[in-house]
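By written order: A, B, C, D, E, F, G and H. Residues from 1 in each chain.
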Amino acid sequence: MSKPYIRLDKSKAAVLMVDHQTGLLSLVRDFEPDRFKNNVLALADLAEYFQLPTILTTSFEDGPNGPLVPELKEKFPDAPYIARPGQINAWDNEDFVRAVADTGRKQLIIAGVVTEVCVAFPALSAIENGYDVFVVTDASGTFNDVTRHSAWSRMAEAGAQLMTWFGVACELHRDWRNDVEGLGTLFSNHIPDYRNLITSYNTMTGQK
Amino acid sequence: MSKPYIRLDKSKAAVLMVDHQTGLLSLVRDFEPDRFKNNVLALADLAEYFQLPTILTTSFEDGPNGPLVPELKEKFPDAPYIARPGQINAWDNEDFVRAVADTGRKQLIIAGVVTEVCVAFPALSAIENGYDVFVVTDASGTFNDVTRHSAWSRMAEAGAQLMTWFGVACELHRDWRNDVEGLGTLFSNHIPDYRNLITSYNTMTGQK
Amino acid sequence: MSKPYIRLDKSKAAVLMVDHQTGLLSLVRDFEPDRFKNNVLALADLAEYFQLPTILTTSFEDGPNGPLVPELKEKFPDAPYIARPGQINAWDNEDFVRAVADTGRKQLIIAGVVTEVCVAFPALSAIENGYDVFVVTDASGTFNDVTRHSAWSRMAEAGAQLMTWFGVACELHRDWRNDVEGLGTLFSNHIPDYRNLITSYNTMTGQK
Amino acid sequence: MSKPYIRLDKSKAAVLMVDHQTGLLSLVRDFEPDRFKNNVLALADLAEYFQLPTILTTSFEDGPNGPLVPELKEKFPDAPYIARPGQINAWDNEDFVRAVADTGRKQLIIAGVVTEVCVAFPALSAIENGYDVFVVTDASGTFNDVTRHSAWSRMAEAGAQLMTWFGVACELHRDWRNDVEGLGTLFSNHIPDYRNLITSYNTMTGQK
Amino acid sequence: MSKPYIRLDKSKAAVLMVDHQTGLLSLVRDFEPDRFKNNVLALADLAEYFQLPTILTTSFEDGPNGPLVPELKEKFPDAPYIARPGQINAWDNEDFVRAVADTGRKQLIIAGVVTEVCVAFPALSAIENGYDVFVVTDASGTFNDVTRHSAWSRMAEAGAQLMTWFGVACELHRDWRNDVEGLGTLFSNHIPDYRNLITSYNTMTGQK
Amino acid sequence: MSKPYIRLDKSKAAVLMVDHQTGLLSLVRDFEPDRFKNNVLALADLAEYFQLPTILTTSFEDGPNGPLVPELKEKFPDAPYIARPGQINAWDNEDFVRAVADTGRKQLIIAGVVTEVCVAFPALSAIENGYDVFVVTDASGTFNDVTRHSAWSRMAEAGAQLMTWFGVACELHRDWRNDVEGLGTLFSNHIPDYRNLITSYNTMTGQK
Amino acid sequence: MSKPYIRLDKSKAAVLMVDHQTGLLSLVRDFEPDRFKNNVLALADLAEYFQLPTILTTSFEDGPNGPLVPELKEKFPDAPYIARPGQINAWDNEDFVRAVADTGRKQLIIAGVVTEVCVAFPALSAIENGYDVFVVTDASGTFNDVTRHSAWSRMAEAGAQLMTWFGVACELHRDWRNDVEGLGTLFSNHIPDYRNLITSYNTMTGQK
Amino acid sequence: MSKPYIRLDKSKAAVLMVDHQTGLLSLVRDFEPDRFKNNVLALADLAEYFQLPTILTTSFEDGPNGPLVPELKEKFPDAPYIARPGQINAWDNEDFVRAVADTGRKQLIIAGVVTEVCVAFPALSAIENGYDVFVVTDASGTFNDVTRHSAWSRMAEAGAQLMTWFGVACELHRDWRNDVEGLGTLFSNHIPDYRNLITSYNTMTGQK
C-alpha cells in the first residue's frame, strides 16, 4: 500500500534544459508567452540558486529553430552545451548522455520545447536507463492542450513525476531556515503575488 | 481484478489543514475566492461535525505568508496548532508528525495551500509511512491549472485518493438516518442550491 | 464630445430586487452558485448600509418558482414586498410602479433573476419612464452566456448603465472617510481577498 | 435621456425561420447540438403557441445544404414556405418579402443558420425597410465565436434588438394569468431545470 | 504487456440508475441541462433497447431531493425500484445489492447524480465485490469539474472503466447488421447531428 | 428608427491586406494557427474570385517582422505592393493612400496583423476620410482576447462594420445562381464541413 | 523502477485509419474542423513519407456515414481498404485483422472517428492480441471533451500510448540528418508556425 | 457617416496610473499575474519612453490596500504623486485634478486597479470635463470577467476609447523611423515573441 517517496535532493539532482530556442518558442501555444518566459527563467534561476549541475542542449540551432534564448546562455556560461547535429531525442546523442553521466546525479529535472518530443523522448530514455525523472511541466511548452495531455500521460505512465518549478524549488530547499532570503528572492522575482506580499509586509512592519 | 475499497470511517480519520494563511491565499488562482473560501470552511465544518481530530499547521506565519485565517483558529481552539519554524513539508516537523500519530488515526484527510507543496509533500510522506491519504481537492488551492494537474497526478500515482469535501462528508456519514438534520444543515450552509431545495421543500410542504 | 456623468447618489437611488426566488435560482447557470449567492447578499447588504429604499418583488411565489430567498426577507422586513399575481414585467404591476414612485428616487439600481426577463423588462420600462437605470450585472443571473450577452446588449443600447455591486458601493460611498469601518466591513464580508488583506494588515501592524 | 421601449406584441409580431437545413446545421459550432436543437424547437413551439404568423425559407435545399429539418415542416404545414432558388439574403427574394408584408406585422422575430449571413442579411434589410427586428440569438448558429460576435455587433449597431427565445416568450405573454398552463408547458418542454421544478412542486404539494 | 479486454456483453450486463431525482438535478453543473437530460434519456433508451436488466434507486425521495424524474419511472415500470430510506451508498442497502445479484449479471453499467457520491460509492463497492464496473460518465453529473475529476480519478484507479452512453451502445451492439434500424433510431433520437445525416441521406437517395 | 443598409457590392469594394508577415504572425495568439492561416487564405481567394482590387502592404519587412507570407505574394503578383519604410499606420503612407484612391472604390475590406494597430489605425483613418470600412475579424489576429476586444470596440464605435470572410463572400455574391460552382469551390476549399457535405451529396446522388 | 521504453520504429510500425468518413466527421466537435482536417492529413502524409504499411477501413459507407474522405483514398490507392459490412469494432472483421497481420508489423498507430468507439475498440482488441498500440490523439475526433476523456482514460489504462502526429513523426525519424528536407517539408505543410520560421529563415539568410 | 479620428499624440497625452498598490493587486483576477505585471510595467516604460507627463495616485496606502508597487515609484521619482486621503474617485481629489490640468494635456491615458472603480470613475469624470480618454484595458485589472465587461461597457458608452499598451505605443510613435531602436527595445522587453524574432533575426543575419 505504501511506497518510497522519491524526493528531490539537491545533492542528487541535475537540470536538463532542452531546446529552448527562439524559433521553436513560437510553436508554444499552451502557455501565454509572458508566463512561459517567466517559468523558464525561474527554473534557470533555481538551478543556479541550488547550484545544480545544468546541461543545455539545442536542436539544429543554425536553422529555422533559431538559437538558444540568450538569457540561458548568459546564466550558464560554463555549463555543458550540446548543440545536437541532428538527433531529435537528446538521449540519442552520446555527448549529451555522457554529460548527464558526468554529473554523477541520478535525479534528472527536465524541461524543454516541445513537450511531447524534446522533453518526453529523453525523459522516457532516462527512465529506461535507471534515472529518476522529474518533468517541469510549466517550463515545458507545446502546440496545444491535446499534445500536452498526450505527452504528460505518456510520461506519467512510464514513471516520470510531473512537477512545477515552484514545487521543485520547495522540495529541494526543504526548510526556509536554510536561507530565508535566498528562497524569498527567488519567489519574489518570479511570482508577482509573492512579491506583493513581501512588499506589503515590509511596509506594514516598517522593515526595509 | 477486484481490490478492497478503502473507505473513510469516522472512527479512523483525522483532518490536516495545512497553511491556509491570509497571505498564501492570494496565490490561489485555480479557484474563485468565493468558492474556495466556502470549500475550506465546509471542510472545517465537517471536521467539527464528525468530531474528527483536526490538526492545524502554518508556515512562517509571522512573515509575508500571513496568519492562519481567523475562522479556522476560532473553530478549532483546542486543536494541535503547529506553527512550523521553517520546514516546508509539514512532515519534516517532528511536532506535526507526533500530533498526527497521537490521534491514533490511520486515515488522513489533507487540504492546504498550495497544492503541489503544502499538500503534496506531506501526503507523499504520509503514504510512505503507511497512512491512507485522502486529498480534499476542492479545499486545496494553487497558482493555476498546470500546477494543480501536476500535483494531482503526482499524488494519485503515489496512491492518494482524490476526493472533495462533499464526498468526504457523505462517505463518513454513511446513512442519512444517523442524523438527517445535522448533515442537512452542513449542506445547506455550504451548497446554495441545496439550501434552495430545502427552502422550497419546507415552503411547499408547509414545514418550517 | 463630452456628456454629463450620471453618477449614483445615495440620496437619489433606490434598489429593486426582482425575483430572487429559490426555484428560479436553479435556472441560473452563468454564475457559480457560491459566487452568485455572495453577490446577491452583498447587494442587499449595501442597500441596507447606505439606507437606500429597497423594493422586493416576486413572481408566482406559490408555485414552482418558489419563495423569495429567506435572507432577503429577513434583511428588509419593512420593505415594500410586491408578490406579483402574474405580471412578468414587474413594471406592469401598478403596486410596484407606485412603490418605486413613492421612494421619490430617480436612480434605480436593479438586479434579478433571470436577467433577460425579470431585469431587462422593468429596466427598459423604467428608462422609458424617465428613470436612470443601473443594472447590477453580477447580482443578476440567467441560463448561460448567450442569454446574458443578449440581455446586456439590449439594456445597454437602451441607455442602462451596467455596473457591479462593488462599483455601486464605491460610487455611492464617494469617500472612505465618510465611514472607513462601515465600508471595510461590507467588503470584508463579501470579498475574501479583501478580508485576507485586512487580517494580514491588522496582524502585521499589531492592530486588532 | 429616455426613449420608447419597443416591446414585442403578439398582435404585431411574425416569426421568420431562415435556413435551418440538415446540411447547414453541421456548420453550427457555437452551440452544442443538443442545446441548439432544443432552442430552435422552442422557438417553433412558441410561434405556434402564440399563433404568430410564421414564414419558412430555405436556400438551395436540393443540394448539399440539405432539406429543412422535418420537425419544422411538420409543425407549420400551412406556413408560407419559400425555397429560394439562389438568393443568399432572403430579403432579395420577392416572394419572401411579399410573404412578410402579407402578415401585416411590423415586428419581425428572426432566427437562422448561419447567423452572420442568413440572419444578419435579412435583418439589416428589414430594418432598412422600416420593420422592428428582434434577433433570436440562441436559435441562430454559426461557425464560432468570432463569426457570432461580428454578426451580433453588426446587427445591434444597425438597431436590431438581441433576444433569446425565452425572453421572446415572456415579452409576448405579458402575464402568467393569460394562460398559466400553456406557458408552463412550453417552459417545461424546453427547460429541463424548469421541468424539474414543476415535478418537485407537484409532488410536494400533492398535485398531479 | 497485454491484458484481457473486458468488453460489454448484452447477455452479461445490467444498468444501475442512481438518484436521478428532480431536486438533485439542480446540483448538476458540469453539464448543460439540455445535454445532460438527453444523455440520461439516451442511457435509459439503450437499456430498454438492449433489454438489459435495469435497477432504479433513489435517496430520500420524499424530502428536498425530490422524486425520480418521471421519464425514468415510465420507461421502466417493472424494474426493481429501491427507494433507499437513508443509505448514501446504494450498496449499503441490502435490497439494492440483492436486486443486483438477482439479475445474474456481472457487468454493471452505472450512472447517477452526483458522480463522486451516488456513482462512485456503489462503483467502488461493486468492484470490491467482484463485479466489472462501467461508469457512464456523460449520464452522471456533479457540481463542477473539480468534483468530476476527483470522482473519475478515484474510480479509474480502482479499476472502473470510464465510458459514455454512445460507447456503451456500440460495444453492446457489436455489429450494425444485428439491427440497423434499431440502433439508427436510438442514435437519431439522441444525436442531432446523426439525425441530420440520416435526413440528408434519405432525401438525397430518395428514401423515406 | 431605420437607416440605410450599407451593403458590400463587388463593383464598389477593394481589399486591403495589411502586414501578414511571417514574423508578425508568431505574435497572433487569439486564433489557432491552422484556422488563422485558413481564414487569411480564404480572404485572399475571395478577393481573387470576385476580382476585387487588392492592395498588399508590409511593415519593415527586411527586419524581424519578416517577409509577407509567400502565398499572398503569389496570388496577387500584380497588386500594388507597398513596403512601408516606417509608418505604422498604413494610411500615413502616401503611396498606400494613393493606391487606395486609385482603385476608385469606396468600400474597403480590411484585414491584418495585429488587429489593434495594423487594422484599426488605417480603418479609423479611412472612416475619417469618408470610406465605408468592413473589418474582416477572422482574418485579423492579435495577442489575446483583451487586445482583440479593445480593437473591435474602438472600430465599431467609430462606425466600422465587423464581418468575417464568409459573410463578406456571401454579401458580395448575392445570388448562388451567379455562379454556383465558383462559390461552392471557394467554400469547399476553406470550410471542411462544407466540403464534407458536398462529397456526401455527390456520392449519395451519384454525381461526380 | 525503470522499464523498457517502447519506441516507434519505422521498420515495425503500421498505420490504421478508421472511419474518417464525410458523414461521421460532422459528429466531431472536440476539434475545430480546420485543425482536425490538418491533423488527419498530416498523419496520412507521414504514413506515406515513412512508407509505413497503411490500412483504411470504413463503416457502412453506403449509408448516412458517408464515403471515406477523398484525400485519403487518393493518397493510398493501393492500401488495403476494408469497407466493413457491419462490424463496429474493426477488429471483429476478419479481413481487417488479416490485413494487419499481413503487414508483419507489431506497432500499430491508430486514429479514427469517433474516438471512444472506432479507435478505442480496435485499440483494446489489438493490445489484447499482443500488439503495441499508439493512439494518435489529435487525428481522432469525437463528440466532446467528456467522451474524449473517457476514451483516452480507457485506452491508457489498458496500456495504449497516447501520442500526436508530430510526436509520431519525430519518434519515427530519429535524426534530422536522415533527411532534413523531407521532414522539414512535412512540418512546413502542416504547421503554419513552422512554415513561417522557415520562410523567415530563408529570407534572412538569403536562401531560397 | 465619417467622423474625426481622435488619435493619440505624444505632445497632447498624459498618463494616469491609479492605485496599482500591492494589496489591491491581490484582487485582480481577470489577468494572470505574470501578464498583468508585464502590462503595467510596459505602460510605465512607454510613458517614460515617450516622455509623457505621468501622474501617480494611490488610495489609502497606509492601510490594507498597501503601498504603490515599488517599480512605479522608482521609474517616476519626480512625477506628481497624490496619495488620496479618502476619495475613491481620483477626480474628486482637487490635487489630482490640478495635477492633470497642470500637464496641459487633453488626451488622458488611464490605467488602474480595479477597473470598474479606480479606472472608470475618473475616466467618466474626465470625459465630462472635456478630456479625451483612452483606457488601457490590459494594464487595468479587476475581479473577474463580469466586472470587467460592465466597466468596459460603461466607459465605451460614455465615449472612452478602449486601447492596449501596445496600441498606445504604436499610435504615439507613428513611424518606426522616429527611433527604430527605442521602440524595438520597448517591445523586446515586454513581448517575449518579439524578442525571439529579434534574436533570430540578428543571429541569422549575423548582426549583434
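Just so we're on the same page, a contact is a pair of C-beta atoms (placed from the backbone, for glycine too) under 8 Å apart; a residue touches a chain by one contact, two chains touch by 3 or more.
The shown structure was predicted, so the numbers you read here are calculated from the model rather than taken from an experiment.
K.L.:
Would you mind telling me which chain pair, D-G or B-C, is linked by more contacting C-beta pairs?
P.N.:
Of D-G and B-C, it is B-C that has more C-beta pairs in contact.
K.L.:
Would you kindly tell me how far, in whole Å, the mean C-alpha position of chain E lies from that of chain B?
P.N.:
Going by mean C-alpha positions, chain B sits 31 Å from chain E.
K.L.:
In whole angstrom, what separates the CA-based centres of chain B and chain F?
P.N.:
54
K.L.:
For chain A, what residues touch not just one other chain but two or more?
P.N.:
23, 26, 32-33, 66, 191, 193, 196-197, 200-201, 204, in rising order.
K.L.:
Report the complete set of touching chain pairs.
P.N.:
According to the stated criterion, the contacting chain pairs are A-B, A-C, A-F, A-G, A-H, B-C, B-D, B-E, B-H, C-D, C-E, C-H, D-E, D-F, D-G, E-F, E-G, F-G, F-H, G-H.
K.L.:
Taking the touch rule as given, give the residues of chain F at its contact with chain H in the complex, in rising order.
P.N.:
Checking each residue of chain F against chain H gives 23, 26-27, 59-60, 63-66, 85-89, 92, 114, 116-117, 120-121, 124-125, 127-132, 143, 146-147, 149-151, 153-154, 157-159.
K.L.:
Contact residues on chain D for chain C in the complex?
P.N.:
Chain D residues touching chain C: 1-5, 7, 31, 137-138, 152, 156, 161-164, 166-167, 170-171, 173-178, 180, 184, 191, 193-194, 196-198, 200-201.
K.L.:
Sort out for me which residues of chain G touch chain F in the complex.
P.N.:
Contact set of chain G toward chain F: 22-23, 25-26, 32-38, 66-67, 69-70, 191-193, 196-197, 199-200, 203-204.
K.L.:
Which chain C residues qualify as touching chain E in the complex?
P.N.:
Within the complex, chain C contacts chain E at residues 26, 29, 32-33, 144.
K.L.:
Can you list the chain C residues touching chain A in their complex?
P.N.:
200-201, 204-205
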